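So, here come the structures, one by one.
Two complexes come next, and they have one chain in common, chain A, joined by chain B in the first and chain C in the second.
Here is the complex of A and B:
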């Protein structure tokens, strides 16, 4: 028996919005510590790792570990039926092949439940090593979204260059090129608007903007986004999910164009 | 290298429907080409499918007259600025599969996640892993002197006993029978010593571990709960020796599922006539 109720249902709606465009389907792994999900997009270039801790749910009950294979597009469709103020309860039996979502209005006078078929999904689970990244940049999530959107007008890929002065995003394409530079600013009053850089070593990496734009769908989840980078390893884009967890996107860097250089 | 190839085939499994392009790459796998190039190939067609989305897919279908790989190659060129310097090569592209795969991958492809993070074949655990995990959690419980879900209760007629205040599943670790670990000889000596004083209860537990007999002497009041469990020939717990770092520990495990509130009992195992005479309750 698995049952998890989230009073702030809108959080789950946002989580779904954040992953459903990148992943068609995924397996939610539920255990006593909470729910988690790890999946690569179909091209295997990016990876989503999502954690929702049990503490965030009230109540949370997971009698035995279970894996719930879910079509995320369908789940998102169903979640659209929940109002932002509703609480959301996710239920799954031990044996059944269905999952039930219950939406309750705050005063409890409207209760809707939706049942959905579970899927058997064959997935590769990747072992993600703990890495100390040479640059960790924190910036307002909306700012990052804006940068990715703007630069995708210019080119297909963005080069992120992080030095101690700041972080530079650049793209070039047929129509020309563009650079956006953010300097560090620790704004005490508005913590959410601060740009902070923790750097051991400068690094420059190139990524496909297409995926970054997918990642930016998580912007409503958190005011700040964290980019962790080291040369020649995947970028990590992390959004906190309130107090209860995080969604991390990993994106493999582009292959260097060495043939003609 | 074997790993790379399996990854390749794995992906193929998913993307087989994407047709001639894929077929050609299967051919390259059979030839003795560098597997790295081969590996990139399915990625190209795949991410292409994904990247272009449904709209382009229909375009491709309307331009059926051209071989598919060629169409893809051209479109990629047109859209990607990085690929610009290579445009002249485009015409020869579809003819030579090898160069095709090579410079396309270099122009605008991303690496794969699987290049960086190893695939865990399954997140389910094998029996061996489960056994290992169980062992390590058991060791942790013993070393941390864990005594959870237990409560000391005074019973009329038989003194202190231990009651479960949480349910235990069959096979669960209940508590360690903690005390001095001594060898057989020392134990015998101590026992004769203790026998002189009738106020001292029986807290010596002899057990075999490996091919040696040990004894845990829990006679001394220690605050640990293991020594307080009462005897029953049909108890709900059983003793079990566990070796951690070459030292045997004696623990009690649940012989059956135990409900909350049940008294924890185990068989002291002493059947000698002498003991039975001295302690008639051993027959219970």
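Here is the complex of A and C:
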């Protein structure tokens, strides 16, 4: 028996919006510590890793570990039927092949439940090594979204160059080129609007904007986004999910000479 | 050219839907299958997955270790665990022979081998 109730159901709605365009389907792994999900997009260029801690749910019950294979587009469709104020309960029996979502209005007057079929999904679980990144940039999530969107007008990929002075995003294409430079500004009164850079050594990496735009769907989850980078390793884009977890996106860098090898 | 995330992070576990307890109702079952099902232990299954992984090149006609060494030579970073497994069972055919060799030994014997070598002859 698995049961998890989240009073702030809108958080789950946002989580679904953050991953459903990148992943068609995914396996939710549930255990006593919480729910997690790891999946690659269909082209195997990016990886999504999502964690929701049991403490965030009230109540949370997981009698035995289970893997729930879920079509995320369908789940998102159903979650659209929940109001933002509703609480969301996820239930799955031990033997069943379905999952049930219950949406309750704050005063308990309206209760809706939806049942959905589970799927068998064959997935590879990737080992993500602990890495100390050369550059860790924190910036407002909306700012990052804006940068990715704007540079998508210019080219297909963005080069992120991080130095101690600031971080520069550049793109070039048929119509010309564009650069956006953000300086560090940790001194602003509003924490959410700060741009901070922790740097061991400078790095320059190139990424496909198409994927970054998918990652930016998580913007409503968190005021700040963290970009962790080292040369030649995947970029990590992390959004905190309130106090209860995080969603991390990993994106393999573009490699110039790969076509020759 | 975008590189793949699998080139950076290695697959550590492949989930097998047959072990997950939730199942969809429609599934294909092979009832009449005349090849005996030999249960493989975890290590052998892991080696088999290595055999089936196309990225390390063809697996026919060479031993697992040869294939591993070839992959290494081409800079494909084959999993070290595979080499260690082969080396630690170097006298056990189940571990050293690749997929095709093992299966032939078990199932088809010399008849197939003759046909196979004839076919290879034509190729040359």
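One rule holds for everything that comes next: the second predicted complex is superposed on the first by the 254 of 261 C-alpha atoms of A that agree within 3 Å, B and C clash if a C-alpha of one lies under 4 Å from a C-alpha of the other, contacts with A are read in each partner's own complex, and residues count from 1 in each chain.
In the analysis below, a contact is a pair of C-beta atoms (placed from the backbone, for glycine too) under 8 Å apart; a residue touches a chain by one contact, two chains touch by 3 or more.
Quantities reported herein were computed from a predicted structural model and do not represent experimental measurements.
K.L.:
Mind checking chain B and chain C on superposed chain A, clash or fit?
P.N.:
clash
K.L.:
Counting only touches as set out at the top, which of chain B and chain C does A:189 meet: first, second, both, neither?
P.N.:
neither
K.L.:
Is A:253 touching the first partner chain B, the second partner chain C, both, or neither of them?
P.N.:
both
K.L.:
Please work out whether A:96 is in contact with chain B alone, chain C alone, both, or neither, and reply first, second, both or neither.
P.N.:
second
K.L.:
Would you sort A:173 into first (chain B), second (chain C), both or neither based on which partner it touches?
P.N.:
first
K.L.:
Touch test for A:68: chain B only (first), chain C only (second), both, or neither?
P.N.:
A:68 sits against chain C, while chain B stays out of touch.
K.L.:
Does the superposition put A:42 against chain B (first), chain C (second), both, or neither?
P.N.:
After superposing on A, A:42 lies in contact with chain B but is clear of chain C.
K.L.:
Touch check for A:120: first (chain B), second (chain C), both, or neither?
P.N.:
second
K.L.:
After the superposition on A, what does A:234 contact: first (chain B), second (chain C), both or neither?
P.N.:
In the superposition, A:234 touches chain B and chain C alike.
K.L.:
Which of the two partners, first being chain B and second being chain C, lies in contact with A:243: first, second, both, or neither?
P.N.:
So A:243 meets neither chain B nor chain C here.
K.L.:
Chain B has the stretches 22-30, 58-66, 94-102 or 112-120; which one runs into chain C?
P.N.:
Answer for the clashing stretch of chain B: 112-120.
K.L.:
Using the superposition on A, tell me which residues of chain A are in contact with chain B and, in the other complex, with chain C.
P.N.:
On chain A, the overlap between the chain B and chain C contacts is residues 40, 43-47, 67, 124-129, 208, 233-234, 250-256, 258-259.
K.L.:
Using the touch rule from the top, collect the residues of chain B that touch chain A in their complex.
P.N.:
10-11, 14, 43, 46-47, 50-51, 79-82, 84-86, 102-103, 105-120, 122-123
K.L.:
Give the list of chain C residues in touch with chain A in this complex.
P.N.:
Its residues touching chain A are 1-17, 20-25, 27.
K.L.:
Give the list of chain A residues in touch with chain C in this complex.
P.N.:
27, 40, 43-47, 66-69, 92, 94-97, 117-129, 208, 233-234, 250-256, 258-259
K.L.:
Over in the complex, which chain A residues touch chain B? Could you list them?
P.N.:
Residue positions touching the partner: 29, 40-47, 67, 124-129, 155-157, 172-174, 207-208, 210-211, 233-234, 250-260.
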